[in-house]
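The following pair of complexes shares a single chain, subunit A, combined with subunit B in the former and subunit C in the latter.
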Partner chain A sequence: MKEKLKILVVDDEVHILHVVALKFRNAGYEVITSQDGREGLELAQVERPALIITDYQMPHLSGLELARRIRHIPSTREIPVLMLTARGFSVDQAALQAAGIEICIEKPFGPRELLRRVDEILQEQPV
Partner chain B sequence: MLPARKTLPVLMILLALAGSTFWLAGRWAPVGGGIFSIWLTWSLIILSGIFCFFWLVLFRQRHLSTLGNIREQLQHFVQTDRIGMIMIEGNDELSSLASEMNQYLTNIKMRFEKQRLERKELLLQSSVAETESRQGRAIIQSISEAVIVTDRFDEILTANQAAQDLLDFQLSPESRQPVNSVIKDQELLQMLEQVRQKKSTNLTRLVQRQHPHTDKMLDLKVLTACVFDDEKEVIGVVMVIHDITTEKEIARMKDDFVSCVTHELKTPLASIRAYAELIAEGEVGPVESQQQFCSIIQEQADRLNRLIDDILNISHIQAGHLELVLEPCALGLIIEQAITTIRPQALEKNIELVTCLPESEINILVDQDLIYQAVLNLLSNAVKYSQRDGKVTVRAWQDNEGRAYLEVEDQGVGIPADEQERIFEKFYRVPQNNSQAEGNGLGLHLVHEIIQSLHKGTITVKSQPGRGSTFTVSLPLCQTREPVLCRS
Partner chain C sequence: MKDKIIQSDSGGELEALTNSLMQSYEELALLHRISDRMRINQNPVDFLNRLGPDVREVIEAEQLLVFWCRKVLQPWELPAVISSGDMDLENMHLEVIWDRCRQQVSQPNIIINDSNVDRPYRFAWPSPIRNIVGVPIHRQKQLLGALVGLNKTGKADFDSIDTKLLISVANEIAVFLENYRLYQDLQELFLGSLRALTSSVDAKDPYTCGHSERVSLIARSLAEQLNLDEENVNGIYLAGLLHDVGKIGINEAVLSKPGRLSDNEFDQIKKHPRIGAEILRPIRQMDQVTQAVLSHHERYDGFGYPEGLSGNHIPLAGRIIMLADSFDAMISNRTYRGALPVGAALAEIRRFSGTQFDPELSDVFLGSDITTLLGQLDTINTKSFPVGVGQSFNKLFIPTLN
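The block that comes next holds the complex of A and B.
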C-alpha cells in the first residue's frame, strides 16, 4: 500500500480545492486544504506536507509570495511547490524561478495530469 | 553752324591764305604793288582774327548755355534721386559728350535696376525664410513633445517650452548658448555628441527621468538625429523627447485587463474541466455525487456566461455602442422585479428581503433593462455578502429637485474604509471579502457604468466592516411621457 504522503492545496476557489482533494485522496494521498495564502503558510509550517499545490492569485497572500516565504523558512525550505494559475501568459517566469516553484500548470487543468506531475516530483525527491 | 572743334583749323586756313597772298604779292607785283599786297594781307589777317574772335565768343556763350542745361538736368536727377537721360539739342561736342554720358547713365541705370531686382529677390527670399523660420519655431513651440535643435557649433538654435520645462532650463532670447552649458543631463548630452560624431539619422533610447517640477517619474523616448546641408555636412542635431508615461500606463492597464479577463474566464472553466474529467474517469462515487458534480458544472457554466455578458455589456457601454431606450418607468416596479429574481438566492441563506417604497409611484426616465440589471447586481451583492439569517432592505423615495433615490442596505461583511474608493473599479474585489462569495469584480463596475455613465445618476456607498453596507443610487425623475432613443 502506498505510503500516505501529505499534500497541501491552497486555492481561493472552493471547487478547485474540492476536485484536487478528491483526486489526490483517491490516489492515496492525505490532503489538507486552505482558501487563503496566509493560512496556507501556517499550515505548511505546522503540517510539513510533502508537496504544496498553490493558486497564483489569492487574497491576502499570493501564491508567489507564499512560495517565497516557504523558501525562507528553514522547516519548509525543501518542500516542493507546484503552482496552478489562470493568468496565462502574464505570469513572470523569472519570478516563478526565483520563488523556487518547481512547475506551473495552467488552468484549466486535468486532475489526472496534475496527479502525474506531482507523482513525478515526489519520486525525484530524496527520501 | 561750324562746330567749335573746327574753329582753330578755320583760323589756320585763313592765316595760311593771308600768308600765300603776301608771298604772291611780293613776287609778282610791281614796286608799290607790294605795299598794297602787304596791306591786303594784313587786312585779311585782321579780318580773320576779328571773325575768329566773334566766332569764339558766340561759341563760348552757346557752350556755357549747353553746360548750364546739362548741370540743371544733373541737379534735377540728384534732387529727385533718379537716373534719367540728358536732353540737349545740337550736334556739337557737348551733344556728343551728352550722348556718351547718356550711354554711361543708361548702363548705370540698367545695373542699378538689376541690383534693385536682385535686392528685391533677396528681400523676398529673406522674408520667406524668416516666415518659414518663424512658422518652424511656432510649430516646435506648439508641439507637446520636448524639442531641442542645436546648430553646427553645438549651440542651442531653438528649444520649445516643453523641453525647457522637462529639462529645467531657460533659453536666453539674446544669444545662442552652448548646449552643455544649458542641459545638465549627461546621458542626453552624450546622445547629441554620439549622433553628431556618427552622422546618425536616428538614435532612439528609452530613459526614465523625474519631472523637475512635479517629481513624477516619467518614461521618456528620446529620438536624436543629425540635420544635413546639401553637401551632406552636419549643420545641427535635433532631439525630440516623447513622454510615453501615459502610453505605458495604458498598455499596462490593457495587459492587466486581459490578464484579469483571462483569470476570470479560466477559473470557472478550470472547475468545469476538472469535474468533467473526474466524472468521466468514474472517480466520483455514488450517483448523488455525480449529480452534485453535474450541478457544479452547470453553475460554473452559468458563471462563465454571466462573466461574458458583463464583459460585453461593459465593452459596449465604454465603446459607446449601446443604444439606450429611455422611457418613463416606475422605479417600484423595477425593484419588485429584481427582488422576485433574487428571492430564491436569499431564501437559501434565510435572508429577509424588506422593501420600503412610497405609496405614490416614482417615475424615472431610464433604460428599464439596464436599471433592472443594476438593481439586481446591487441586490445580488447584498445577499452574497450577508450572513445567514440576515436582512436586506430596499428603499426608494424622491426629492423636490427632480431626483429619485434607491437604497440597498445589508447587514453583511461590510467594506473597509480604504477599499471603498476602489470597489467600482473593473475586476476589483475586496481581498478581505473574497472568500465570502464568488465574483468576478465586474458587477459593481457595471452598476457604476449604468448609473453614472449612461443615466447621469450617482452611486455612493457607506459601509462599516462587520456591520454592513448601504449603496445609494440617485437618478433623474421623468419629465416626459414619450420614450426617447439615444446612443450612449
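The block that comes next holds the complex of A and C.
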C-alpha cells in the first residue's frame, strides 16, 4: 500500500487550515497543521513532511523566516516550501530565492489550483 | 498538535462547512482571474475563449456555452457561440438553447434552470442535455448574450452556488462586452467623421472624388506588405484619408483648372501639404498623420516640397503616401489628362524609383498583388460618399463554432 505523503500547513487563520486540509486529505495526502510559525518549525523537524505550505504574515515567525530556517536545518533543508501571500502584496524576489521558496500563491487561491501545484512539485521530487 | 483542530465532528457538519468554504474560495479565485484578464485582454474572443474552460471547471459542468450578440439579431439568427467542453453538440442544440434563453429574458437573473432532479423537466431538451442552467449577459436592459452550463458532473444538479457564480461571471462579461462595443462605436464615429471631412474636400472636384479613400487603401495595403504593426498601419490609413485636406485652403479655380498651371498657380497648390499639417497640428493624437500629410509631396531625391527632404529623412508614412497618391492619380482621369492604363502607371513607378519614389517601397509595391488591389479600389463608388468602416478598424475576429 502506497504510503501517504505528508504535507505541513502553517497559517494563523484556521479556516485556511480547514480548507487546505480537507482538499489535500481528499486527494490522498496526510495533512499536519499549525497556526503558529514556531510550532510549524518544530513540526517540520519532527514530522519531516514532503512539502510545506505556509502563510506569509504570521505572529512570532513569518513564513519567510520559517522558510529560511528550514533551509538551514540539515534534516529539513530539502523540503520544498510554498508560500501563500495576500493578494496584491509583493514579496522581494531576492528574499524569496534566498529562503528557497519554490512558489508563491496569492490568496484567495483556488484550492484546486493549489493541489495541482503541489502535485507538480512533488512529482518532480526524487523519491 | 497534529489534527488537533481538524477533527470531523457533529456528523460531518464541519466538513460540510469546509466544503462550502472551499467552493467559495474557488469562485473568488475565478472572479479575480477574470477581472485580471479584463485589464490585459482587449480581444473579446480571446477573453471568452479563456474564460470558458475556467468557468466550466469551477462549476463542474460538462459544457459551458457563451452566447454573444455581436450585433442586433433577427429572431431566427444565432449569436456567436464560444463553447468549452466535449459534449456532442450541433447547431440544433444551440438553436434550441438560445431560443429558450431569448424567451425567458424577462427574468432578471436566471433564465434557464432545468433538470429532472427535483421535478420533471420544464422543457424537452435534446439529448445529451441532462441538466442546464443559463443566465443572461445584459447591461442596461440590453441583452448582450447568455452564459449556459450543461450537465453537472460529480453531483446530480447545479446548485445555487453555481448559479450565483454564473451570474457574477455574466456581469463581468457584460461590462467587458459593453466597453468593447463602446470602443468600436467610438472608432466608427471617429472614422466616419474623418471621411465626411475628406469627402467634402474631394467632392468639390469630380476628378478627385473618392481619391482620398483610394489612396488610403493603397497606402494601407503597402503598409501591411511591409509588416508594420497595427498602430502604424492604421495611422497610414488615416494619413491617406487626410493627405489632401489642405486643398481646402487652395483657390478652387486653381485646383480644377484644366491644362497647364502657371508657376504662380503651381506655387499656390504646393502650399496644401503645409496647410493640411497646420489644420491637423492641434490634434495631439494625430502626430504621425500630420507628419505624413506634411511630407507626402517630398521626393526621395530631395527635389520635392515643402521642405526638400530626401531619402530616409522623409517620414516613412510620407513616402508611402507619395507613392499611393501618385499611383492613384495616374490611373484616374484628371482635368489635364486621361487615366493611364495600369501597366503604364506601374512602369512610371519603376522609372521613377529612386528619384521620386523610395526604391524599396517601389519594389514592394511592384511585387504586390495589384489585381486584387484594383478590385478593392473599384468598389469605391466615385460618385457617392463612401460609407462603412474600413477593414483595418473592423478587424474583428470571427468567432468559430467549435
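Things worth noting here:
Note that the second predicted complex is superposed on the first by the 122 of 127 C-alpha atoms of A that agree within 3 Å, B and C clash if a C-alpha of one lies under 4 Å from a C-alpha of the other, contacts with A are read in each partner's own complex, and residues count from 1 in each chain.
To be clear about the criterion, a contact is a pair of C-beta atoms (placed from the backbone, for glycine too) under 8 Å apart; a residue touches a chain by one contact, two chains touch by 3 or more.
All values reported here derive from a predicted model rather than from experimental measurement.
With subunit A as the common reference for superposition, the partners subunit B and subunit C occupy clashing space.
Look at A:F109: by the touch rule set out above, it reaches both subunit B and subunit C. By the touch criterion defined above, A:P59 reaches subunit B but does not reach subunit C. By the touch criterion defined above, A:R87 lies against subunit B and subunit C together after alignment on the C-alpha atoms of chain A. After overlaying the two complexes on the shared chain, residue contacts for A:A21 are found with subunit C alone; subunit B is out of touch.
When the two structures are aligned on the shared chain, A:Q35 is found in touch with subunit B and with subunit C.
In the superposed model, A:E13 lies in contact with subunit B only, and not with subunit C.
Contacts of A:Q123 after superposition on the shared chain: neither subunit B nor subunit C is touched. Taking the listed stretches 184-192, 220-228, 274-282 or 454-462 of subunit B in turn, the superposition on chain A shows a clash with subunit C for 274-282 alone.
15, 19, 22-23, 35, 87, 108-112 are the residues of subunit A that lie in the contact sets of both subunit B and subunit C, per the superposition on chain A. The part of subunit C that touches subunit A in the complex is made up of residues 1-3, 5-6, 14-15, 17-19, 21-22, 25-26, 28-30, 32, 57-58. Only residues 255, 258-259, 262-267, 269-275, 277-278, 281, 283-284, 296, 300, 429, 431-432, 434-435 of subunit B touch subunit A when the two sit together in their complex. Contact residues of subunit A toward subunit C in the complex are 14-15, 17-19, 21-23, 31-35, 39, 43, 47, 87, 108-113.
Per the touch definition, subunit A reaches subunit B in the complex via residues 12-13, 15-16, 19-20, 22-23, 26, 35-36, 57-60, 84, 86-88, 90, 106-112.
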